[in-house]
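Quick heads-up: structures coming right below.
The following pair of complexes shares a single chain, subunit A, combined with subunit B in the former and subunit C in the latter.
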Partner chain A sequence: MQKLGEFKLPHFFNYPPYFTLQPVRDTREKQIQLWKELILDYCKIQKLFVIALEEEFPLFTNTVTERSLTNEAREAFLSALVSEGRAEWMDKGHRKCLILWHRIQDWADILLQFAKDNGLEDGVVTIEEIRFGTESQGTELHGIDRTILNRALKLLEQKGKLVVFKGTSTDDEGIKFSV
Partner chain B sequence: MAGNSLPPVNLTDNGRPVLLPNEIECFFLSGVDLLCEDEPNSWFPHLKSGLLILTTHRLLWLPDTAVASSSSASAVHLSSISHIFPNKKSLKSVFASRRIRFQVSPETGSRSVVVTVVVRGKGDFDAFVAKFWENWRGRAWEESEKVASSSSNAVAGAGSASSGSGIYSSDGTVRMVGVSGILRKEQEMWESTDKSLQDAFQDLNALMSKAKEMVMLAEKMRLKLLSGSNSQTNTTNDEEMGSKEEMQELLLSVGIISPVTKESAGALYHQQLSRQLADFVKVPLERSGGIINLIDIYCLFNRARGTELISPDDLLQACSLWEKFDVPIVLRKFDSGVMVIQNKSHSDEEVFTKIKALVMKPDALRAGISPSDAARTLGVAPAMAKEHLLSAESKGILCRDVSPDGFRFYINLFPEIDRDDVYLVKDQGIYPSWVRAIPALG
Partner chain C sequence: MRRRPGIGGLQTAAAARDQYKKLGENVAKTRTDMMREQLSTFRSQLEDFARKHKNDIRKNPAFRSQFHEMCAKVGVDPLASNKGFWAELLGIGDFYYELGVQIVDICLATRPLNGGLINLQELCQLLRQRRKSDRGVVSEDDCLRAISKLKVLGSGFEVISVGKKKLVRSVPTELNKDHNEILELAQGQGFVTVDEVERRLSWTSGRAIDALDTLLDEGLAMIDDGHKDGKRRYWFPCVSPISSLTGIDSL
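Entry: the complex of A and B
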């Protein structure tokens, strides 16, 4: 089985038409569907959170079949993700896309679970610790994208599950849970 | 002073010499003396400073009109010249006037004398001498005599056409002189060529006269048809109408212009055209595998017609009329806008089946197919094959692959892939066949 990093590529990744944006509606719908799944799965495994259209993205090129997605195709697939709420455009020019292979709500749940698992229901923890601390190692939180984390925190703050407070520097930003 | 026994030259009112039949003037020299230095000389006059005209028959000497001369226009017939002396160039001749001598005998029987032509005026003397020799040797008067004797028999008693002035010579033919003479010679040549051509075209004329008969026959039929179609009274004339239609078709096929013009019976014209087109299309359609581009038919049809070309509009109208008749062909428009003519029996399903079979072959599974590959299998033109591939694509049978390698088509795998388990490949089906064919996945 072919791999791209840690990610197992499905067979149809080597199907040349997979890399050509199909004109026939039904065919295109299926194609978009498959690409959406593929992008989310790939980003999850590889822990990627942002796709920049102008940069090389390994998933969009198949070196075996020598096919590459056109810009038009890339935008089409990412826009489909955005429409589904599984991604967000980070700029008006649609050059950068934030991939939500977990929805923000899911991340919030993961955070709460993390707090529970580590006895932080009333505790305090820094952002830094959440992202790169020893407790988070092995969890999905480890290495989480800053933007996404902030969004999740905001969501939880609104629900009253925690409070974010700033420290003397950005690295000192902390959270006080009140689960 | 010698007597003048030279035959005179008749002059016209304008001073032009009257020429003999077929006599043509060849050379003019001015300031010419003709004199005889022999002693005794009883008959050759001393002609001083006149105009010398060399013709095909004679040497004419005309007195210079500006100078009062006692001599009159005289002629020396070339036949009376027995010898021309070669021109000896000597020191003396360089300084003296140019001259040439010849020996001449009179008609009367007196002794022959040597005459000198002294050229004091300007003129190409050498050319004159050359022409003199040529004409003297040419003996053009002998031919004239033959002609004269034969035609005079035919023209005997034809009237006293004066041999003097006037454009008609004694034998009734138009006299042409000088440049006209040359032109006449050309004319004669053309006439003889023409005659031989005429002989060659005997058969063609016979053919043409037959064709005239054919055209007259067609004309009669045309009138009959016209009178018949005008009096469309009752339906019992159906049989007649049928045969009349047949006649029209016959006429059309022979290539004769249809009796009805486009203006007088617009619909009928298109009907006829429509039928004619349907007949014509049969052969090209077969040759191109049952489907042919409309543009190709337009070109082929007009080329076959030669004249009476039809406009694209006419063609379209004619094709659209096929629905009304019972013809086995239809006009079809593809999504891409391409218009084709195809057999009614043409089945898209059949084509799709063939395409599916082609695209499931191991090579095609690996690398797809191009329009040319399809063209070869389907037996149609590549442009037509592409249309078929595109319509198969729109039906979900194929998928396109656009790359720097070109435009290719593959079997459509997308429906076979399970969206909930993208890694799943069943045992049977198109997807597993495809997977098996790809070495990279093995």
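Entry: the complex of A and C
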């Protein structure tokens, strides 16, 4: 099986026609489904949160079969993810896409779990610590994208599970949990 | 016999002819009786054989295949009905029934990928993967038998030959001769181009495109515009080796 770094690629990745957007509806639907799963899996394993269409994204090119997804195809697959709620366009021009391999709700749950696991039910912690601190190391929170984290925090704030407060700089922004 | 002249001679000759005739009939009857008896003996010996080698028949595909041949020679079809002596004795009816169900399953699951046409070899491999530890190996011969039983359901299951390969069709799509020829051509590299079809089969451009478009619409072909030479390629999942298709792991 071909690998991209440590990531094992599925068989269809080596079948050239999958790199061309198929005209026949049923075939295209299947193709889109396969690519959606692949993109989500890849981003999850590699901890990638943003895909920029015009930049080189290793998943969109197969150097062995010498095929590359056209922009049209890339946009089609990402749009499908957006429709499913597993991604969001970050700009009107559809050039950058935020990948939600965990939905915002899932991230919220993970945050709550993090709080419980670290005895922070009534505690305070900085955004910085959540993203890069020692406690978050080894968890999915480590290295989380800022935008996504903010969204999850907002969701939890609305539910009264925490309060976000600003510090002297963005790095000092913190959270007080009330789980 | 001495020939005698006159009417007497003629009567003797007639009587002799009659006797020969009767003798001939007797011989014929005896031969038929003998054959019947031999057949009956053979049949009961076949039944004994089946009883004794039940396990081998269940587990060993080569053995099973030869057993079917033996049965066919004496006009016995162990699969003719799911009840009755043979089916009960060997449970072989169940075996093929189960196989049939699994084959239908696999064909349905792979249909989005190959348009309803799957290489027999690939089908068998997927079948084996799915059955894994189950009671013995499944051969292509077993698959073919199970599929022939499926035909009875009128479900559109059929085995067609394209070049050297056998493909199992699980959709009502009828493949005409033109389509068949393209599939055969595609067996070489897994794909064809319009140029190639025109050249190798001596067709007009229109005829080639027509046939290819139909195959595309039926989901049997996929287009590939990514080659650096800029020529569109039509790939046929059903003739490609297994490793180039997906879904294997999830089946």
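Observations
The definition used in the following text is that the second predicted complex is superposed on the first by the 179 of 179 C-alpha atoms of A that agree within 3 Å, B and C clash if a C-alpha of one lies under 4 Å from a C-alpha of the other, contacts with A are read in each partner's own complex, and residues count from 1 in each chain.
Heads up, the rule we're going with is that a residue touches a chain if its C-beta (ideal position, glycine included) is under 8 Å from a C-beta of that chain, and two chains touch if they have at least 3 such contacts.
Please read all numbers here as calculations on a predicted model, not as lab measurements.
Overlap between subunit B and subunit C is detected when the two structures are superposed via subunit A. In the superposition on chain A, contact is made by A:Q22 with both subunit B and subunit C.
In the superposed model, A:V64 makes contact with subunit B only, not with subunit C.
In the superposition on chain A, contact of A:V163 is made with neither subunit B nor subunit C.
In the superposition on chain A, contact of A:A76 is made with neither subunit B nor subunit C.
Contacts of A:M90 after superposition: neither subunit B nor subunit C is touched.
Of the two partner chains placed by superposition, subunit B and subunit C are both touched by A:L34.
Touched by subunit B in one complex and by subunit C in the other are residues 10-12, 14-17, 19-20, 22-24, 26-27, 30, 34, 66-67 of subunit A. The residues of subunit C lying in touch with subunit A in their complex are 112-113, 115, 191, 216-217, 219, 222-228, 233, 235, 237, 240, 243-249.
Contact residues of subunit A toward subunit C in the complex are 10-12, 14-20, 22-24, 26-27, 29-30, 34, 66-68.
Within the complex formed with subunit A, the residues of subunit B that make contact are 368, 393-394, 396, 399-403, 408, 410, 412-415, 417, 419, 422-423, 425, 431, 434-435, 438, 440-441.
Residues 2, 8, 10-12, 14-17, 19-20, 22-24, 26-27, 30-31, 33-34, 37-38, 64-67 of subunit A touch subunit B in their complex.
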